[in-house]
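Two complexes, one shared chain (chain A), two partners (chain B, chain C).
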Partner chain A sequence: MGKKKGHNKPQPANSPIAPQAVPETPEPLDRFQKLNAIAEQLKSFSPKKGQATPPSTPEGSNSAPAAALPLATSTPKAQEKADKRPAKAKGKPEDLNDGDGKSRADIENERKAKKLEKQMKKEAATAKKKADAAAGNAEKPPKAPAKEAPANKGQKDAPKTPQQPSKPALKKHFASSDSSDSFNMTANGSKNVSFKEKSNLKVRFDIQPSNQYDLTERPAIRVSSYFVHATPHNVHPAFRRLAAKCEFKKLNGVNELLLAFHKTLIEFVEDYNPRPDLPFSESISLDLQPQLCCLSDNGVHPFPQAVGNLIRLFKKQIHELDNTKEICDLKTYLKEWIENSAYYNFDLAEKAIVEFTISKLKSMAHRRILTYSRCPIVEKIILTAAEQFNDLHVYIVDDPNNGSRGKTMLESLSEASIPCTYGHINSIGYLVHQASVVLLGCSAILNTGRVVALRGSSLLALSAQAVNIPVLVAAKTCTFVDKVRLDEHLSTALLREPIETIPEDLVTALVTDLRIVPPSSAPAVLKAKQLGYDN
Partner chain B sequence: MADQVAVSRLRDRVNLYFHKTAVRESSSKLALRMLSFFEDLVRYAHYETAEQLIAILRAEGELLYAAHSNEFIIRNMLLVVLRGVRDECLTQTSGSDDTLPQADSLNHFQRLWFLPAPNQVQINSAQLRSGVLDFIKEMKEEINVSAEMISNQAGHQLVKTDTVMTYKLSQSGTLKKFFSLFRAKTIYSVDDDPSAPANVISSVEILSTMKLTTRVVLSAAAILPDGSVVAPAGTLNVCLAAKRHSVPVVFCAGYYKLTPMFIPHLDEFNVQGRPTDVLPASEALKFSNVSVANPLFDLIPAHLITLVLTQSSAKTPLHVYRLISDYYHLEDFRQLDR
Partner chain C sequence: MTDPKPEISALKMFESLLDKDPEKSMGLAAIEALLEVLKTSTASTVQGLTKDLSNAVDEMMRTDRSSATVQSACELFLRFSSLISQEKLIDANFEAVKCEYVKRGNVFIKRIEKSRSIIAKCFRPFIRSNLKVLTHSYSKVVLESLLESKAHGCVFHVFVTESQPDNSGRRMAEKLRQSGIQTTLILDSAVGYIMESIDIVVFGAEGVMETGGIINKIGTLGIAICAKAMNKPVYVMAESIKFIKEYPLNQSDTPNKFKYRYSTLESKKDALDDEHPLTDYTPPQYLNLLITDLGIFTPAAVGDELIKLYT
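The block that comes next holds the complex of A and B.
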């Protein structure tokens, strides 16, 4: 049936038309045209309001089959609409009839108007959000758009359709009367807003990677959680500086980013004045939100994995704060925690990783290391190893399209007079025959043991496996994340470098600051460091 | 004496050809030039027997190959011409019996028992000359249509809806012809310049794009008898990624790239390109103790290759050696020093 609802309702007595089978799913526009024709006919039966025929008349050819349509399809919808309306409208029979005709054309125009309304609402909502956020109130007022909408509808309808002047009145009446109705509209409206936005995000199922990393085009995750719109008023300048640095590519790589993030957090805690009405931990966690939103574009881009780890642990610390203590005590406690974390995760961890790797290198006959682009930990390893061994040779593979960071590594190594060879990705096949071990850096280790690293590292791992040389990945335990991903294609909030995941079967071992582990032991490391989500 | 002068002049001319070309042009053009060189030798040199002709050709060819030892095609063409000479000789002595199956190595041994060696046979040198020149002309023609004939086989190996990955499409004449005659739906070209008629991706994206690919079509620089292939540097990454994702790898090559030589380790052969392509000369002082790796070729082992397309056939790498005996004579490459 055309209308699925209530096709078993009794037909009106005055209908001379016998019900016939309606085509299963007629075109909506078609349907309305036909129904308009019926409405016309009905109006001709009861010309109470002295109206002209509705302008949206179908062609003569349509009206003939339109007459054959059963009225059963029109009445249920009309009855539904009538049910929604308050009893006042139901009382007058001519209103009901006119309501029929109007509801058809109404629906058409409503749909047109709704689209406009959505746009207006979006603008109104963002304007309201900004105003509210400034005042500290983040709730989206649901009523205000609804109140605005009918007025807009009335305005939009008047130039659009040369309809009767009673139409806007009816619409306003229709819209504002029933609270549940307006709720429906706003719910619909908001849903439609997000749907529209989603459709703007160009979700593609056949992602074709292109030459330029056009990060604005990549599909972004829409975080559905509650967030606070970040404005200049509630974001600490330290975070803005961090964001600016990242944008201008002053910070390369996760390591530098993490260090900078630590410093930013310390600054933030130091300058922070808690709100008078809330306990310290709650107030600081509340005010941390807009800072993070500023960095991550309001949840559009996720944070790089290791940074996410840090944020989570920091929030946990805040949560566990003893609010009875003095504020300055709490602040010092937090600052100390951050500094400790930086010390453990950077100075100590790197020392441990370097030691472990060198003990592995000691047992090798030829120390010829193949590495990709620049990882600061790998650089440290090589520099320390060069002091101990004198037969070290380093092969650096670089990606010229993306910053050529291998060259910075090359500089620092050649300054330490370490013999180096430099090549692009097409030289991997040649260099891998000469190297005896591959050393890679990473930005995160996933739960399954997959390594998140710079794009192109997997090619080294692949070639290394083909010639049977070990692949070691230098991974700090703070970069282990309790997530599972197949691929990392998404752009992250702060680091705009292209990354990918190296499958775990291509990696021989992860050199962590705890010990050297095979990639399959990643969950054990997570548990040991209590970085899991359930802790 | 006149022929000595002629020969030396030809020698000079071909050496000049090598010096003039700053950028290496396509292999087919090089093969044609080599064939012309040998053609001229056949035409202008003086010889009485086939053996003499063979000696002259081999001397000149080996000299040229020694000067440019990274160009396998020189030797390949020499071997083709030598085979042509032997064939001509054979057809003339056995009275234009050209129904002998040349590809059968057993027959070679059989014939050695019955027929005298070429140096003992008195044949009409004029006839020999014209015969060999005809043969060379045929071979040249085959080179000219090789790209097209390879592309004709595309329809058997690929479907229109395939997603095809290739390497440096715009630098290979064979591949360009292949893809112009066969319009695949999506073509990814790795490391190409942006004007190529394909989606150009960077080599860092090979592994992630391989998930979407259904076929890999590549061009070979040389095909070795064990089925391994010498290809432009960087192709190894594509082949390894294809192996990982079980994508069939197809190599296209004309017959002039069939090299009857085993290369166990490419280092001995591998040519390095200009270091300034990798590190700009402005940084030469800063990196004075740094060596630059810019290899031109990669050796792709046979187990990574699914199919080798030549203009006459499609063969798995295990059967490529049979093509060798199609084009070359056993006698000639038995004595190669490499």
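The block that comes next holds the complex of A and C.
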């Protein structure tokens, strides 16, 4: 059959799935869907008669050792096993079947899963290579100041080169396995192996987490029991606009989302006309429900923690309204409250956090800051610090799979003439030795002191602990939440960015707008701001 | 101290109090000196009074003794005494306000005088018979606690480090031996050797930080790390006046005024790299419990206690 050609192609040309040409640089979501589609096709592929039958037939018996062998050939000793194969195929069918502990169906399932995984890895490798090349091209124009360009490029090359040697190795591995597979097929004379699954095999690839998670997955416990159907009539367009912005990634991160949410709430209150039969507070809380249900898909997707805090406080304010006042007075009162909250939690809080962090940076001998992706507060801290200190150096670690937001940070810092170094997450081992302090942003702080942050932040915290440098997390008090654990794999209502929790023993200090606090004192902050659930 | 000047020099007062009674707690002496300043102040407004007091604190910080203790004690004293109810504050009669301050100051001092004995009582259940205790340098609180346990009939063996450069461990060993406790003086470098036969490690503290870590005589960090490596419990005894509102991240982040004496800081402002620091910062992960007159806490709970104290 000569299926040894096309080592670079994911599938051999003569396989039943050949007509679908796999695109060169597919979108992560499309690729995932495509692979699942491929899996479906393979499932539904009807084998030739006589091959799916039990091992009594000679062809079936041949396929049994053939199926058993791919398990062995998935090790790097592929070539040796491939050589042994002809000998084994000639062996007695009965003996081989007896020695085979697993059922044929199970083996076939495993083989299919492994094949899919290999293909996925290979595509990930090629896509990443192309993305890096594209990123390398995009890097050059902004690096007009000649000073930073060599330093940056040098740093970028350093993390990239370790990847190159691994890719040929990976390719070779695929080549050998592909050849062995194709050889397999020639050995047993069938086009493709038969698939008789007992279970519906669905493989999850988290190598490149898709930013939409798995939207069909529901949480085990329904979050809200209150169900109000959101129709175009009872949902204010401001909320829809907010949802659309989040969908199209115009809002990145909890900070921007919170600000936008404040504005949305103000618009809502502004345009709101209360129901004639109910007092103002009741009517507005009743009409707030469908808006929130629209955003959170009727409680299926929980809100991000800080947004949840805001909503709860807003509802509390509504509840405490004095219904005897004029409606326009009440509306102004609510709007003022929202504006105040935005002012305290953004302008003032950020100023306070910046001040506290700078007081800590002042006492350091070498100000080499390591940070992850882009947090607006960390950016502000660094920009303000650069005005005061002139020996600042920033190391930015970025995740290319999640939008490379570190690049925006890099641009804004470079414009302020701050010397920066940029690397991907795989260069963390090198960068952490150069830095003297780690500064992270967060999206929430749990009751136990655990920090909820972008996926990848805990790698920085862990490496920092290993080289004994302090880890500071810039946390606004409005993001403190009275929970002890999070379902990290479930997507939240508006933000679809992958998050994770950093254990509290990896964090040296939380810089909040009240004061610098050890992570174990998170409940004290909650109490101080009365953000607990019972308040 | 009969000065021709109307104001009493706080520093002189502080020094004289300590000279008269060497066993007195440093923090207590600082507070008493402040109270004297408060009583004899000639200010006629609250602001003037505050200014006088802060001047006095600055003066006392120029001591060659532990400035961490002085700073924390003074700050807490000032906060406590100025915690007067609103109505009394707006009283036009300033003398009445001053009386209130003095009254609260006395209450504070009475509470602090008892702090060492409260700590000694809290510590007693930790000492069993035939226990081997390791301690570092000369700490009055630890001394009092150990003497109290001995007085209640416990028999134990204390190992004291010599604690260079000032050999203060020797004084501690002397005092312990005088009261009949079996004591061994060991070299600072012998801590690693002796740790396997030790049961508990006890430290005093010059200051307790917001992190839950402590500032103590140089060498404390090494002993604490050694104890943690060999799974020996480490207990710290500190009065509540030693709680400081600072958050050091590591050794270099601790303020220089805690590490070096005032005279050293003045004379060698720019060449501090060659100076030996007198204290070090032990982070909270190496400490098991802090025994204070407010109770027994884990290091993590110190932050909360500090909040309560300072608000």
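Keep this in mind: the second predicted complex is superposed on the first by the 311 of 535 C-alpha atoms of A that agree within 3 Å, B and C clash if a C-alpha of one lies under 4 Å from a C-alpha of the other, contacts with A are read in each partner's own complex, and residues count from 1 in each chain.
Just so we're on the same page, contacts are C-beta pairs under 8 Å (C-beta built on N, C-alpha and C of every residue); 3 or more make two chains touch, one makes a residue touch a chain.
Note that the coordinates shown come from a computational prediction; the quantities given were computed from them, not determined experimentally.
In the three-chain model built by superposing on chain A, chain B fits alongside chain C with no clash. Within the superposed three-chain model, A:G456 lies in touch with chain B and out of touch with chain C [touch as defined at top]. When the two structures are aligned on the shared chain, A:T448 is found in touch with neither chain B nor chain C.
In the superposed model, more residues of chain A are touched by B than by the other of chain B and chain C. Of the two partner chains placed around the shared chain by superposition, chain C is the only one that A:S520 touches, whereas chain B remains out of contact. In the superposition on chain A, A:Q317 makes contact with neither chain B nor chain C. The overlay of the two complexes leaves chain B and chain C separated by a minimum Cα distance of 15 Å. Across the superposed pair, chain B and chain C touch chain A at no common residue. Listed in rising order, the residues of chain A touching chain B in the complex are 206-211, 395, 399, 401-402, 407, 410-411, 414, 417, 419-431, 433, 455-456, 458-459, 462-463, 466, 487, 489, 498, 500.
Those residues of chain C lying in contact with chain A across their complex are 210-212, 247, 249-250, 252-253, 255, 284-285, 300-301, 303-304, 307. Chain A meets chain C in the complex at residues 360, 363-365, 437, 468, 470, 472, 505, 508-509, 515-518, 520-521, 524, 528.
On chain B, the positions that touch chain A within their shared complex are 186, 188, 191, 194, 199-209, 212, 232-237, 240-241, 244, 265-267, 270, 278-279, 283, 286-295, 298-299.
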